[in-house]
Each structure stands twice: as C-alpha cells, then as structure tokens.
Amino acid sequence: MAEPISSTGAGDPTPIDELDGIATLDLERARRRGYPEAVYCEGKTPEQVGAIAARFRSAGAPESGAVLFTRADERHAVAVLDALPDAMHDPVARMLAWPPNPPEPTGELVVVACAGTSDLPVAREADLTAQYLGRHTELVVDIGIAGLHRTLSRLEQLRAAGCVVVVAGMDGALPGLVAGLVQAPVVAVPTSVGYGAAFNGLAPLLTMLNACAPGVGVVNIDNGYGGGHLAAQITAR
Amino acid sequence: MAEPISSTGAGDPTPIDELDGIATLDLERARRRGYPEAVYCEGKTPEQVGAIAARFRSAGAPESGAVLFTRADERHAVAVLDALPDAMHDPVARMLAWPPNPPEPTGELVVVACAGTSDLPVAREADLTAQYLGRHTELVVDIGIAGLHRTLSRLEQLRAAGCVVVVAGMDGALPGLVAGLVQAPVVAVPTSVGYGAAFNGLAPLLTMLNACAPGVGVVNIDNGYGGGHLAAQITAR
Amino acid sequence: MAEPISSTGAGDPTPIDELDGIATLDLERARRRGYPEAVYCEGKTPEQVGAIAARFRSAGAPESGAVLFTRADERHAVAVLDALPDAMHDPVARMLAWPPNPPEPTGELVVVACAGTSDLPVAREADLTAQYLGRHTELVVDIGIAGLHRTLSRLEQLRAAGCVVVVAGMDGALPGLVAGLVQAPVVAVPTSVGYGAAFNGLAPLLTMLNACAPGVGVVNIDNGYGGGHLAAQITAR
Amino acid sequence: MAEPISSTGAGDPTPIDELDGIATLDLERARRRGYPEAVYCEGKTPEQVGAIAARFRSAGAPESGAVLFTRADERHAVAVLDALPDAMHDPVARMLAWPPNPPEPTGELVVVACAGTSDLPVAREADLTAQYLGRHTELVVDIGIAGLHRTLSRLEQLRAAGCVVVVAGMDGALPGLVAGLVQAPVVAVPTSVGYGAAFNGLAPLLTMLNACAPGVGVVNIDNGYGGGHLAAQITAR
Amino acid sequence: MAEPISSTGAGDPTPIDELDGIATLDLERARRRGYPEAVYCEGKTPEQVGAIAARFRSAGAPESGAVLFTRADERHAVAVLDALPDAMHDPVARMLAWPPNPPEPTGELVVVACAGTSDLPVAREADLTAQYLGRHTELVVDIGIAGLHRTLSRLEQLRAAGCVVVVAGMDGALPGLVAGLVQAPVVAVPTSVGYGAAFNGLAPLLTMLNACAPGVGVVNIDNGYGGGHLAAQITAR
Amino acid sequence: MAEPISSTGAGDPTPIDELDGIATLDLERARRRGYPEAVYCEGKTPEQVGAIAARFRSAGAPESGAVLFTRADERHAVAVLDALPDAMHDPVARMLAWPPNPPEPTGELVVVACAGTSDLPVAREADLTAQYLGRHTELVVDIGIAGLHRTLSRLEQLRAAGCVVVVAGMDGALPGLVAGLVQAPVVAVPTSVGYGAAFNGLAPLLTMLNACAPGVGVVNIDNGYGGGHLAAQITAR
Amino acid sequence: MAEPISSTGAGDPTPIDELDGIATLDLERARRRGYPEAVYCEGKTPEQVGAIAARFRSAGAPESGAVLFTRADERHAVAVLDALPDAMHDPVARMLAWPPNPPEPTGELVVVACAGTSDLPVAREADLTAQYLGRHTELVVDIGIAGLHRTLSRLEQLRAAGCVVVVAGMDGALPGLVAGLVQAPVVAVPTSVGYGAAFNGLAPLLTMLNACAPGVGVVNIDNGYGGGHLAAQITAR
Amino acid sequence: MAEPISSTGAGDPTPIDELDGIATLDLERARRRGYPEAVYCEGKTPEQVGAIAARFRSAGAPESGAVLFTRADERHAVAVLDALPDAMHDPVARMLAWPPNPPEPTGELVVVACAGTSDLPVAREADLTAQYLGRHTELVVDIGIAGLHRTLSRLEQLRAAGCVVVVAGMDGALPGLVAGLVQAPVVAVPTSVGYGAAFNGLAPLLTMLNACAPGVGVVNIDNGYGGGHLAAQITAR
C-alpha cells in the first residue's frame, strides 16, 4: 500500500496534518459571543476529539463557563477523559464538560420540561448545557398532554422560569400548550422519539413550528445542546 | 373540427355516453352499508352532477337518510338545485342534501369541535353529515389549545358525546388533548388551515397520527364528510 | 425597448429562430419505433404549436397512425385547427389527432377502466391514444372498489382484454385489484383526483407501485397518453 | 471522571432522580378514561421499565383491565417479568400484560384482519390490546386483495363485528375494500411491511387516508396498540 | 333552496350562530400571558373579522398593548376599519392594530434584519408586532450574505440589540451568520421568497434549524408576527 | 411467564395457530391468473417460510411453472431447502424456485438489461422470474448511459426482445433511452443503488415515471420479481 | 386609517424609507467578483424595481458588462424601461439588460442546449446571461434523449464548447448523457417543465444530482440566470 | 440445492458469467473525455472489484492520470491491493488510485475547503480526485461560518484558486458565502454531516441550490469524487 499522498501534485499527494486540520479552535468565541466553544463529537474520530481535548488542556480552562463535548459516544468519552481526567461525563446526555463544575449561576431560572421518559436524554443535554453556561435550572419529566393534569400540576414551577425549554417527540404538542400558559419565551426541542409517522422527529418539529400560541422558538430535532444554549442566552439577564 | 370519435376503431372513435358513464350509481349501498351514497362533486362537471341529481330524483328519495352532494361549488349547487329544487344547500360546508330534512336522530350524541374559526367549513361539513346520517349533533367552535381554558370549559359537553369529532389545522394538537380527557373515541380531522410549515394540512395530520393519547382515528385532510360519516357509524347504537 | 439580441456577442445578441427551434421534429420515429410522434402542448405557446401543426400539414399525413397533440388547452386547439382544420379534437381528453380517423384496428383489445367519473379525462386520453395507435378499445367508467360489485360485474369484459389500462385517483387501489383477477398485464395510471393527503396523485402513485398483485406497470400521474401508448405496444400482436 | 452534577448550579449539577423521573404514573387514567395506562417501552432503558413494573406491583392490580407494556424487546420483557413474574408475555406482539388474564369480555365483537403474514405482529398487538381492554376478539390472517376470494370468503365473519381492525402494509388497500362491504366502522392500521416505494409505511398510510369508501379511521404506522384501543372504545357498548 | 338546518336532528339542522362561533375571544390572555390577543384573518371571512373587530370596540381598548389583526387582505382591512376607523393599517405587513399607537417602549432593543428586499413584508410584520407589544425596534433591510460587507457594516447595530430577528428566504443563511457574531439570541424567520428548490420556504427553514452557530430559535415560514412576538418576550426585561 | 393467551376473552387469550395463519395459500391463482404463487419471504420468520414450503411439497408441484420464494435471506433459504431439498437457490437474486428447472420457454424473448454491476441482484431476480414463468431470457450487464457506446453496441439485441426489462439506480436514465430506441414495451425497475440524493431509489423512480419517451411501465424500487413477472405476461404470446 | 407608524415606539411607529431599504446596491460587486450585480425582480414591487433602475441610471453604466433584471414580469419591465428606456428586454427570458448591448465576447464558447421547446425560456435566460457577462454563446433547442439521433447530431457543436449548459425538465436525463460525451464541464439546469411526478422540477433535479457521468454541476430549478453566470465564470479564460 | 440455472430456458437457467458482466470497462473514456475511468465500489462485491482491478493490471496503466476506486470499504481495498499491490490507498477518503503517484500537475489551482472536521473524508476525496486528474490542490479545514473570522482569514488563499470546492454539511451555508467573495466558480458538495432536520444532507443540498450568490454548481451529497472531478475539468486550462 502506498503512503498517504502530498498536495505538491507530482508523484506525492498532500498528507493531511490532522493536528492542523482540527486545531482551528474558536478561542475568540467566548470573547465574541460570551460563551465558550462546544465540540460536536459525532462524525469525528476519537483520535480527533482526543487531540482537541488535549489542546484545551494545554490552553487552560476558559475564564468563565466550560468547554462542552456534545453527542459523545463511549469511545469519544474515553478519549476526552484520557486528556482531561477530571472532566464531568454524563452518559445519558452523551456530554462531557471541563472544568467539571458549572459556574456560579446568574440570570433567570431555566426550567427544562420533557413530555415523556424517552425524551430524557435530550432534556438532560439541554439542562446541563444551560447549567454550564451559568444558569440555575430545574428539570421536569413526563408531563405530556396525554395526562393534562400532570402538566397543570407543574404550572407554578413553569411560570417561575425566565425561559422554559420544552422537549417532546411524537405529537410534539407540549410546547404550544405551555406557551399558552406562561409569559416567558418557550424554546421547543423536538425529539426523534416515536415511530411510524413521527418520521424521526419530523412530526413534532412541524407541530412546534405551527404552534397556535405565539412565543415558541424551535431548534433542531434532538438538539438539547442548542435548546439549552438559547435558553441560557435568553435568561442571561 | 372533427366529431368526437367512436371506439369501433376504424375511422370513428367511441363517443362517450356521458349518461352511461356517470350512471353506475351504488343503489345497493344503503342496503349493504346502511347509509345512502354521497356524490363527490369536485372534478365532476356541473352537467355530470346535474345528471346524477336528476337520476336520484327519478329514483325517488332513499328509504332512510339522504343523498349528500359534497365539495360542491356554486356551479355544482345550481345544477343540483335545478334537478332537486327543495334540496338543502349549505354554502359554508359546500354541501347539499336531499331530501332536505335530516332523519329523526337515533344512536348516541356526536359532538363536533373545531380549534379555530377558520376550521368552521370542515367542521360544519362533519356536523351536517352526521345529522343526515341520523345522529343528534352539537357543534363547538374555537376551543384550540392556545387558550386551554376554552377547551376545559367545554369538558362536560365533550364527555357527553358517544363520539367526538375534532377538527383542527396548524399544529393539530386538539384531538390528542381531547382524547386524553374523554372516554369516547375521537375522530380527528386535520384541515389545511395554516401556512408555511403547515404544508397544507400535513403538519396537523402528522400530529394527529402521533397523538400520545390512544383513542384517535384520523381521516383525510379537510375531510369533514368522512369524519362525520365515521362518527355516525361509531354512534349508531 | 431594444431589439432582441444576437449571439454574436458584440452588441447584438442572437435572435431566436422560433421556426428553427421547434422544427426538430422526430420524423424518423415512426420508422424507428413504429408509432408516430406526439406533440406535448403544455408549456408551448399556441404560436409554437401552430407552427408545428403547419409543418406536419406540409409534410403530409404519416404512413400509418396519426399525429397526436396532447394536453392541449383551448388556445392550443385553435392553433392546431387553424393549421389542420379537419383534425379530431376531444376537449375532455385535451387531445387532437390528425388525420382525424384512427387507423383500422389490429392487435388485441385494450380495455380502459377508471375508478370514478372524475378520472374520465385521463381515461379518455388513454382510450383515444390506443385507438389512434391502432387498437380496438373499450372504456369502462366508475368501477372503483368502494362498490366492489361494480368491479366484479365487469370481470368478463376485463378478462377479454390483451391489456387493461386502469385509471384511478385517491387511494388508487383499483389496478391491484384488477391485476389479481386477470391474466393480462395491467397498465396503471394514477390521477390527481382527490385532495388533502392524496397530494396531487402521490398517494395513488405509491399505491400502484406497491400493488400486492404482480403484473402492474405504472406511468406518470395523469399520463393518459403514456398509459394508452404502452397498452398499444403491449397489444401490438 | 466527575460525578453526575446537581442543579444547584454552583459546582454541582442536579443528579437525576430516575425513580422520580419515571414515577409520574397516570393512576387517574383508568378512572378518567375507563382504561388503564399502557407503558411504551421503546426508548426507555430496561431499568426504567423494570422500575415502573415494580411500582405497579406495589400499587396492586388495577380494578379492571390490565397494565400493558408495548413495543417491549427481550431486555424489556426480562425486566418486567423480574418484577411481575406472572405477567403474560407475547413476543410476537412484543407485549406484556399484568395481571396475565384478560377481563371477562363485554361489548361487541372486534375482528382483527391482516393482509399478509408479515403484518401478523401488528395485528396480534391490536388483538391482544382489545382483549385486555375487555373485548371478545377474532383474528383473521392473510386475506389481502391480491387474492380477492380470500377476502370475500371471510365476509360473514367481518360483518359480525362491531368494529373491524384492518392491518396492512404495501399498498394498504384492504381497509377501503372492507369498509365498502360492512356497516361497522373500520380502524385501519398501516404497517411498515414492504420495501422501496412503500417508504416504511407511508404508502399504505396514504392509501388508507384516501380510502374511497367512508368509514375508515386511521392510526399511526405499526400502531397495533392504538388500533386495538380505538376498536375497544368503539365497541364498548 | 332549503333553509340552513338545525342540530335538533329531526327535519331541521342547527343554524350556526356565527356571532357565537367567533366570540370565544381570549380576554384572559393579556392577564395570563401579558400580551393581548391577535386575530389571524386568513381563512376567516371579512364578515367574521368585522364582527370580531366590533366586539373589541365594544369591549374597549386593552389595558396595555394593542389588538393586532394579522395576514389581513384588503377586504379584511376594510371590515376592520369599518368597525375600528382609527386603527393603524400597514398594507405591506398586511397588519392592523388598534388602538393605532404602539405603547411607550420598555425592555431591550429589538433589531429586525432581512436578507433581501423581497423579505420586507415579513420583516415589517415582525417589526410592527414587537413595537405594538412595547419594544423599541430598528429595521435593517437587504444585508444578505451574497454581499458580506453589507452584513458586516451593520455589526454594531446588530450587537446593540437584546434580540435580533433575522428574516430570510432562499438559502436562509443569514441567521446563522448573525448568531455567530452577536451575544443576543437570534429569532430566525424563514420566508417563502425564492423559487424551485426553495420549496416555498422549506430550504431556508431547514438551513436555520441546522445553523452551525447556537443561539437561533426558529418560527414558521413567513411568520413575522410570531418572530416579533417571541422577540418582544425575550426582551421584556 | 404466562402462556400465550386465547381469544375466548375470559382469562385466556387466543393462541395463534401459526399453521392456520400462513396456510391461506392461493392455489387458485395459477388457474385464475395463469401463473403460480410466489412467497414473499421478507418479514416472515424462517419457520413460517419453512411451513409454507412444506405445504407446497405435500401439495405437489404446480401443473406448470414453479413456486418462487423471493427476497429470501440465508435463513429463509435454509428453511426452504430443508423442506424442498431439490429447489433451485440463487443467492445473488435471493430467490428459490421449486421444482428447480424452469419450464420449456414459450412466447417472446425477454431481455433484461442493467445499468451497472451493482444493479445485478435485481436484474438477476427479474431474469430468473421471467424464466420460471416460461420465457426465454437474456441478461445484459453494465450498459449505463455514462458510456453511451456500451448501450448502442447492444441495440440489435435489445430490438430482438418482445419486452425489455431495464434495471437502473442513481439517475435511472437508461429505461427512457432504451424506450426511444426500440418498438417493444419497456419495463423499468428502479434500484436503491446510489447514495445521497438518490434517496434509496426515489431519484431513479421519478426519472422513470417522467421518461420523455413513451412506452415505459414502472414497478417498485428493487422489485426485480415484479419486473420479470410483468415482462413474462407481456410476452406471453 | 392611521398613518404608517414610526419605530420610536411611543405612539408613532417607524415609516419605512423605501428608497433606503432598496438602495443597498452592491456596487463593489463588479470589482470584487468581476461581474456586475443582477436584480431579482420576483417578490419586489414594480415601484421598488423602478427605483433601483433609476439609481443605476444615475450611477451610470458599469465599467464592463451590464446590469441584469431577472424574472421580470410585464409590470416590472415597464418600470425598468421607464427609467432605462434603451434597456434590452427579452420577454421570453423575462430579462432586461442595461446598457442594451452585450460586451465584446472573450473567453471560451458557451453552448446552451435544451431538451424540449418548453424549456426554451430558461435556456434563453442562461444564454442571454452568459452573453451579457461577456461570452460568445450558441443555443441548441429540442435535443432530448427521446430522440437520441437529435442529440448525437449536435455532438461536434457540443464538443466545441468550453462549457455546456444543459437545460431539461421531466426526466432530466440530458445533462448526464452530454457529460459522458464531452470533455468540458456541464452546468445542468433542471426546469419545472412536466407534470405529476415531475413535482415541479424535483425529478429532473434529482436526476442531475445523480448523473452517472462525472462533470455535472447543478443549479436551482428554472435558474437560467445562475446557469449562464456559472458558465461564464468557467469559460472566463 | 440445485445448481445456478441457465437462460436456455428449458430446465437449465443461464449462469451469470461474472467476469463478462463486470468487464464492460470503458477503456475509450480517457480518449473520449480526457479522464480515465473510476470504479464505484459500493454495491459491488469485493470479488467483483478485485476482478476489475486485475483487468486493469493486465491492461496496463493508463497513458495519463490514474484509475480511481471510490467509496471502497476495507474489504474492497484488500481486494484491490491484492491485484494492484502498489496502489495508493487513503482510508479516510475510502479511495484507491493506481498507479500510486498522481500525474505532474497542470492547469489552475484547486482549493478544497470544508466547513468542519466531520466533513474531512468527503473533502479529502475531492482533493485526491483533483490531484489524480492532474491538478495542484490545497486543502483547507474547519472554516465554517459559525466563526466567520476563520473563513475570512483564508480569503487570499481562496481567491488564488481557479476553482474552489466547498464541502459542508448541516446548514451548508459556506459555499454561498465563499461564492460572494471570489471570482472563480465554486463547486459545492453537501455532506450528510449533521442530524435531525439535516435529513442526511438534504438541508445543505437545498441551501447550496438556493445560494443567493451566483457561481455555485452543486453535486450529490457526499460526492467528493464528483466535486473533485468537476473542479479538475473547470481548471483544466
């Protein structure tokens, strides 16, 4: 087998400097946007993720907040923990954070509510993200509209939030219901929970985009990280 | 211009006997299924619809129930009324019925509820269909989940029904909510009310198919006739 | 306003020789494929269609069969009849043929069956196409599966065909039913008849592609011309 | 690796009380809707499902009916049977029920018919659900329309039902055919059986929504539980 | 022609009390959610909209904010102005507001930015909504990414906002670009501007849901009202 | 674990008689349609397929033709061969036939052409099906339009057929090209070969349905069996 | 009716300075990209387009090339010609150009080929765009693959081009065929010509993206401007 | 088990000559198109790929350029290297090339830029393809628009290219951004990187087709080979 090739063209194609390829870290981002960078692990090799983690270690912890590794499978987690042994790892949310402790919370409360138990991993990802971006959070589980009394029994808690993140699959009806009951903005996170005509989250996505009650901002299917990040920005002050 | 052609093939293609083509009326249907036939007007010419109406006139009124003409525009209505001058015509529901009076109601109550005012034509079509198939009906308007108190204020009425027909566009969340609150079966009718990501009724259709609460049977988008018919069958006894 | 421009580039863009652009008639086609050319009128201006018709007039009638103009609206028809005054024009099928008489039929019988009255224009287009390509045809209307007895009452007629063209919208179930009852191949033509989740013919198209009974070949939605053409080829001998 | 984090925000994110998160059981549901709760296992861990089963055991059997565990894979089943050793387990339907015996049947007969052998798991799920909700049921297999005589030979049985549940994949034509032949409502369950343009059940779903015969209520793809539940409600009295 | 029928069933179907049907106004909403109700005019008849407007007139102006009439065509506008002659009417945004003057602004600045001139109606709707819900707003037009310098020249203005509403059709890339440059949350409004593979707004909708930069909440296609409402909630304090 | 339950309802749900459930074999089909039945193995358990094979063995070979087992994986094949040890098994086509020898060919020649090597399994399935239904066949591989000379070099062979089955994935352009070059009908079989915007065969399916040349009948994606069956019917005489 | 409102918020919403809103012209673009700006007229009012045209008139003609107005309907054209009376207007391509004469051609030849006469407007738009960006062009009409000889008769002309723009609707097979026959890059422009399963251009779009022959770059459906622009860039030197 | 069958029809179906079936190599292609053939390995068995490789070995290296094997998994690679032991193998790009050294570069520079690290395999495939077709290339990684400064810092490099290949998943916004900043044509390659509403690359594909800046030609999702090939053609001189 021939060696990897160099880009000089003639007889020797370019070798990829993997370190160089993955080192375009956005260190200005915390300064520019107020929140440190997150590393999306899916589609990266464990080696690439590990190299990035090592680079963060040598750069030192960010001034505020934490570096997040999202959608990390077990092999990604091992690679991160090898470089950053004290990192927090939450397998349910498939997330790691370093340094391991979230910052002292500021801003308004974020309540993360999910419709069913199966939505928990995504809800957990949203919850942790908001915490590591500096918010106080509360997580409410299994209050879908099939049992309306469960939703209504949480009304006071939902109304105390500066932003409610609502995570739901299947019919995705919960965010619109909540938006009609609270003053705060609702961040809606559709999930791929369900089967058949749920079409991997398309159904709840469309439901949320068409919510009859105004005040709902939607993020990508299963994007707990994005939901938590947006909620943290909304409640920043 | 040449004459229409006959099917003998050689030099003279088949003329279409329009009367013959549209006369395959399903007169056995009332006997077979217990409900008389309905004429779907969309895609038929007013002349064709008028000829069918005339055929019903000469056949005489069905033993029970009424002949329905559905999705009839103004020109269809004129053609029907020309043949059956005493027919009932409801322009909102785009429906005609002959004979004009619904039969004496039997069976259980059908409650038709719609989420918003824009859903009214479809809800009205469901309501009239169930009436003309022999049910007592009640029509409830504008109880969508954006204002949950409106839904809950109707709970007693909804629980009195042997079947609830719920008509909704946009997020289509109402049928699932109602199904979680009543014992009776819910017939869900998605509508094309909405815009953008409602995709002409696809969004509420998917929502209803994925309703978290069991007990929801879904019919085609804007199919008030189908919803009312199914409800009448469910409540037949 | 400046004049249309010539393609020489400098200061004078190419004028389009409309005659040249539309004159690439496929005169070899009858020789090559055994069937003369058809002119698809939709998307062409009446002037373009009229110019094509005039070209056929000056070229003389084809040795066998006829030139067909399909999906012709009223303005197209006027343009064709201006050039070919003796052409056959069927407004229901939106089709013209020249010379006006179909050839003496050869081959096996083609039966065209449609599920409902609203499918008639497409069925008629299939029927005429097969006739003008030299087949004996029979047209059967309104035998959809909602009234199964209507389908079964035509069984003998359907079984006499060398090919059955089945035209249906909405649920599109008729072709599969027929295919399970006859030996001959079935050509299935989905139509855009229906509404809502029929999605302009997508639903019957999918139904026909998934027909449980083998022996069904599907053509494009509303493509009566294609269905009739394929049937004529199948029954050529 | 750091410990799971607490929601107090500062240095210690919220641990998830898994027991709390999954314990929002809807014990009011039997009272409110007349049917006990079902546990949708897909997307839950075996541990979560086992904990729910244990909770039911300590709460005691419901007054009437049975608790159902749906879409349970082998690992879910082991977890349920560990907590409820006498539960009924049907691997074909992927369902468990506790207590193991269905209640004495009341109401009208439910007939569950499936088009092909491959639809059997979904049909079985519908059949068992209706039984455990208190209905007498009959299951008819492999009567798809490719062999119409098979359907027709079952006509008497189908007409004896208070509700017919029809389960079909591929072209999904059977429910519309049956609806045209019986007086009772038809509950249509599309399945993901098929390939290619069946698009994982989309094709039969659309077919059923566009059924030419009225009287068809559709549930989600592969949703045998929902079909059986709706049928049980329809035939309750 | 027979009279409209009453729901008593026997010979006299229910007449619809149009006033009753449209009078379920959500007067509690301002108290419950802090923002008065809006009337979605599309799909309602001018008569219905006019009756609603008259009802608001007799109820008197809301304590704070204004009643909004959205997606109002010319006939809707005439009906509203007939009942509320001093209402503000903006034909570009297809919106009316009553009372005509927005409240004294509170909260943070909302900047509404649109990618192209064709997006202006939707951007204008968002801008007016936020104003009438009590925010100070600025509207920035035609800064799409095809000319990046136009976007960057507005950076200071964008960074001054408490929330940026970004309105874009075609590729819908602008919200993600802006989100990467500012700290504040971005509300993304896809529009149906474009053609072909823009699929009436589907393309920019998907782009926005997949924005690489976190901090983007998406609303329905062309939903300027929803975008402005969400922005007003986010910047409420 | 409880025993499977009987349908008597009270305490003992119906056991499924698997033999009964799978024994509704369509023995009339050969008489009715002229072609023996085929067993679609996908979605059936090996046990079910084996039981069906045993039933065929005890019923004896059909008078003409052969029983086909389609889409059979290795486990299905083992089950069939256990019951019918002399059956023909082609793993490429995933097909078995019994008795193992195709009948003496009658009718016209069927030519099966595939665009690329990856389409071979589907083409092989079509080829074998037509053979076992009694046709003489020829199989042509790898003549896709990227190298037009390859297609043209086979023109004489293609023109000798009474029906050409064209199998293609990716752009699916080959059937339309062939149809424009031959007199015989073309049966088009789209395949799931390709990636990305081929969308598992959707792209070639649409291409074939929109083929500019008439004379193309389309079957389901990857449905080599259906393509071969239709071709055999077309060339029956 | 109240006056348009000002953005100062209190009682006086922002009037839109239409001139300001549409004046963000990209005058740097010719310098930056080498090609002057084009004005997309669809979705703009004639007044807006007229104001832009007047702005260009006062700014003077660009140093090289011409300003293009694309997708201009008759009312747009009147508005442009009112401001720039000597502009070239091509109603077929719905395009205007100013100054009216294309620049002296440089670079390589661009050949624009379209499959059918109905594709001519889009092909003409591509042809004119390339001319006004400084290329010598040739336009070839009606060479679709249904008549392969027509394509092959143009082979020499196609091979002379530095870039071939291929415009096709329906099955969209022509670009892939051409790409397999020439060395130059092919720019493929799908059109919305066709019906049914062409899905407004989706079918040819997918075909072109899946072209078996490499060397095809695809632009948006009906985007003749984009196709001509890309071809002009490719052949710049 | 019976032997594979021969196509003579009677009792002995055609054995497939696998060698013959895969040997239709397009040896004229380098002469005709100027670039040697590539072997698409996906969907082929390792045995088939190995046989093709052996055929190339016996035919000798092409006059110019190299034979490429694309989308080759590990088993394909082993089969190729077994026949061509000195071939270059790049596992990241899943590509092999023989002879192993790219030709001496000619033409203009190709710059391949990818938005994120996860896009690297596709970008690498594009880069290698262009090199082996004779271009000098440069590969730029991780310059997505979430961090705009990263894009802008590469502006000089991007502007030096004769063609820029831009590879991006998720929102796919990078190609449009780059096209607005450079004179050269942009070849856009969408990738399946992302999740949820990215729909396996559909979202970036649509974004690129709707890019506001002209000058973007799009290839299939994940089609690095096609992108590199098109870029090599564009920069050939």
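Note that the chains are named A, B, C, D, E, F, G and H in the order they appear, and that numbering of residues resets to 1 at the start of each chain.
The rule we apply is simple: a contact is a pair of C-beta atoms (placed from the backbone, for glycine too) under 8 Å apart; a residue touches a chain by one contact, two chains touch by 3 or more.
What you see is a predicted model; the values in this text were computed from it and never measured.
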Message: Taking each chain's centre as the mean of its C-alpha atoms, which one ends up farthest from the centre of subunit F?
response: E
Task: Could you see whether B-E or G-H has the larger number of C-beta contact pairs?
output: B-E
Field: Centroid spacing, where centroids are CA-atom means, of subunit B and subunit F in whole angstrom
entry: 41
Message: Between subunit A and subunit E, what distance separates the C-alpha centroids? Give it in angstrom.
response: 29
- line: Note: subunit F sits from subunit D at a C-alpha centroid distance in Å of 33
Message: Based only on mean CA positions, could you tell me how far subunit B sits from subunit G in angstrom?
response: 47
- line: Contacts with two or more other chains occur in subunit B at residues 116, 146-147, 180-181, 196-198, 202, 205, 209-210, 220-221
Message: Let me make sure I understand the interfaces: which chain pairs count as touching?
response: A-B, A-D, A-E, A-H, B-C, B-D, B-E, C-D, C-F, C-G, D-F, E-G, E-H, F-G, F-H, G-H
- request: Note which residues of subunit D are touching subunit C in the complex, please.
  value: 115-116, 144-148, 170-173, 176-177, 179-181, 194, 196-199, 202-204, 206-213
Statement: Note: in the complex, subunit H contacts subunit G through residues 32-35, 38, 180-185, 187, 205, 209-210, 214-221, 225-226, 229-230, 233-234, 236
Subunit A to subunit D touching residues, read off their complex: 81, 85-90, 92, 100-105, 116-118, 120, 124, 127-128, 131-132, 134-139, 141-143, 146-147, 149-150, 193, 195-198
Field: Complex contact set, residues of subunit F against subunit D
entry: 1-5, 7-14, 16, 20-22, 24, 26, 28-29, 40, 42-44, 48, 71, 190, 192, 200-202, 205, 220-223
